[in-house]
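Worksheet: the structure to be examined is printed underneath.
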Amino acid sequence: MSLLKIESLTKRFGGVGAVDDCSPEVASGSITGLIGPNGSGKTTVFNLVTGFIPKDSGSVSFKARTIDGLGPDRIYALGIGRTFQLARIFPRLTALENMLVPVRRKGLRALFSGAAWSHEKERAMEMLEFLDLSLVAKTLGGELSYGQRKLLELGAVMMAEPELVLLDEPAGGVNPALLERIGDRIRRLNARGITFLLVEHNMSFVMNLCSEVVVLHRGRPIASGRPAHVRSDPAVLDAYLGA
Amino acid sequence: MSLARSGDAWKVGGLIAVLAIALLLPAIAPDPATTNVAVFTVMYVGLATAWNIMGGYGFGSYTLGLLLARIGMAGGYAPFLIVPAAGLATAALALGIGWFALRTRAATFVIVTIAFMFMLQLLAENLVGLTGGGGGLSYPVPPWGGDYFNTPFYYAMLALALLSLAISWRIRRSKFGLGLLAIRDDEDKALAVGVPTRAFKLTAFVISAALVGMIGGVYGYYVTYIYPQFVIDPLIGISMVLMVFLGGLGTLTGPVLGAVILEPAQLYLAYNYGASRLYLVFYAAVFLIVILVLPRGIVPSVGRLISDRRARAGPSAPAAAKAVAP
Amino acid sequence: MTLVLEAAVLGILTGGVYALMASGLTLIFGVMRIINVGHGALVVLGAYLSFAASRALHIDPFVTLVITMPVMFLLGFGLQVVFIRPLKTDREALSVLVTYAIALGLEGILGYVFGANYVQLQAWYDTASFPIGDFRITYVYVFGFVLCLAILVVLFLILYRTTFGASIRATMLNRTAAQLIGIDVDRVSAVAFGIGMATAAAGGVVFGITTAFNPGSHYDLISRLLTIIVLGGLGSLRGAVIAALIMLVSEDITSVVISPVWASFVFFVILIVVLLVRPQGLYGVRVRERI
């Protein structure tokens, strides 16, 4: 069953088609990789799905309900989390505070009461522990290493218990040891029932981690399926070598 | 650990001492010249603190703070006893303006708020012109007078300043405040993790506006009789911003410190050099120096100094990191 | 009807000077991404400089531009280097505060030197008029319009026909990219600020000859100029010119049809309506925000 269904998504920037009639699907429980040469529109798809930029046409539905026209905060509330390229965290908040910002609360009064309820703090600390970050819980985000930021951003997104998480280059710019750790944590979160859609350039990372792969070229999907199947698709080789 | 706790004790003790002095001030120094300065100083403590709730988070909305002063002071045509009404009216106006202004972002947002600020001034002047500037808009004469004329105003301003501080303190420790801090750091990222940024900014703006409106209500009642309005009027908005910058943006004590340092100095200059307008030059100079030389403000700079010292004395990295943002 | 037509013609003529002043402001914004709240005070300074020069040297106000424009150019260059260049972080917001402080300082200095009384520049043509159809037009408005038009044309020629103009436009489009292709953006910024000030000097003469002014006049002036460049779209010269004309014509027509009191208010309503539909202004490019 597809958790996220994208139909004929199109976006043009000043006459240049960034995403063109794009209709990939993300199966529930999968780790789907969205790959393609530079400028093939991968990040734009993320921005369109999460409501950061308005689409020209097409529609996106999540759990069989349309999410067209909703803002990023509403889409997140429905259960679609995302990370950014280059790991964006709040630099002047501590790691723990970074984890607490995404926590959802119901009601106006809850909003004006304490910044961290004890069970929220517990969950945040558990997640930090899971990511091996509990030692830096009180450190400002801006003082963390790049790898720690990557893990922190992933952990923070998990705090609102999303069902689908969009990861923008989770392996970008990290060393091999950390790469393994990030891959391992994604796999373990996936085992807990969280679906992932990720954009990535590191092919071996994608091929090892993903259960499904969609290849984008010039804003259009040109192949999809199992990693091994996609890897041998002549159209894919063409796109990468010919681009 | 014991260091932090003894620090807390110092803080509480200091707070009680400052509060006691503030409450007893009219008894300690009862002459009208002093209480006059005290009224304005406490007024600015309140104004700067109120502005800091919204502008202190620094999401490019310093100018919205300037706008606040205009709204607040325009709302100041309300008699003393209905000060809360002045607050509500200002909040309502701020809701409308904020809703509109926050549709735009970045530079357009900054200019739209400035445009609103000047337009409100224009409107206020014109509306006074329409009603002939007479009867309808002037305040009733307070039923008290003499040497103690300033005292009720002082306590009214002090109460509002304390209210502003209490609200500011509460917000800073709340989930809402955490959201505002997140917006300050990275607005798009905050939006991505579900912080309704526009609603949060608008709420902060409206809360600030309500407080400024109430202070404006008392101010209007006071200056009509005491002080020629034109001398400080163009400076009100910019003054509170400067005070917050001098003391420390986004800190609780910064605005208080900034107001206590700057307002008496400003009044001194205005009284002595007001006629020649030269005080404006002096004021501009202080402003430029603060922005260009000390943009972090006194409180964060001192905080950094202390934490550096502690870091050197005892190796406790997390504590040092925490002290950077007091 | 004649009244409305007369108001429209007058609006276009006086719109020229606002177009010129707003062009300088929008140019500065475009190049540096800063909002020069001191622009109004600098126009007033230009007016006072011409006032002093024409008094002292007994020359026509327009002729004083030979002196005031270079002086103001150098002043602008200096202001940029001393006060704007040091701002590294949060430029957009901090520049507002810094230029506001500059405006206050200028207001104080001008008040000290010239006093708070209203003054006006004088010339033989400031009251003389000629007939057009059913109404008469004062020469000064025509002269002012022609001067502003001429300077605007020169400004456009500099921007679109010279190499330096090309580097200004490149900086406006993308500061970082301009830096990467070897443009000295700091120098471009300082010169652009200088050019903005030179146009402010020219605007000041026309402003000062058609309007009585005092050191505090800059508040009203800057509020008009800011609304003009927002309506036109930030950083768009064409937008600034058209928005200035819309503003002055709508104001003048409102004051004859309804009442002068509501003149600026009508323009404000226009601004709000336009921004509700197009938050980026008439000719503004919707900046793709960093996501």
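Should a chain be cited, it is by its letter among A, B and C, assigned in written order, with residues numbered from 1 in that chain.
Definition applied: a contact is a pair of C-beta atoms (placed from the backbone, for glycine too) under 8 Å apart; a residue touches a chain by one contact, two chains touch by 3 or more.
Please read these numbers as outputs of a predicted model, since none were measured by experiment.
Here the chain pair with the top count of touching C-beta pairs is B-C.
Chain centres computed from CA atoms place A at the largest separation from subunit B. The centroid of the Cα atoms in subunit B and the matching centroid in subunit C are 32 Å apart.
Inter-chain spacing, taken between the CA centroids of subunit A and subunit B, is 41 Å. Here the spacing of subunit A and subunit C, counted between their Cα centres, is 47 Å.
Looking at subunit A, residues 52, 84 sit in touch with two or more other chains. Multi-chain contact residues, meaning those touching two or more other chains, occur in subunit B at positions 188. Across the assembly, subunit C contributes residues 291 that each touch 2 or more other chains.
Remark: subunit B residues 58, 60-63, 100, 103-108, 110-112, 114-115, 117-119, 121-123, 126, 129-130, 188, 234-235, 238, 241-242, 245, 276-285, 287-288, 291-292, 295 touch subunit C in the complex.
Across the complex, subunit B meets subunit A through its residues 170-171, 173-179, 181-182, 184-186, 188-197, 317-318, 321-322, 324-325.
Residues of subunit A that touch subunit B in their complex: 50, 52, 71-73, 76-77, 81-82, 84, 88-94, 97, 100-105, 110-115, 138-141, 143, 156-157, 159-160. Of all residues in subunit C, only 29, 33, 35, 37, 83, 86-87, 89-90, 92-94, 96-98, 100-102, 104-105, 107-109, 111-112, 116, 215-216, 219-220, 222-223, 226-227, 229-230, 234, 261-262, 264-265, 268, 271-272, 275-276, 279-281, 284, 287, 289-291 touch subunit B in the complex they form.
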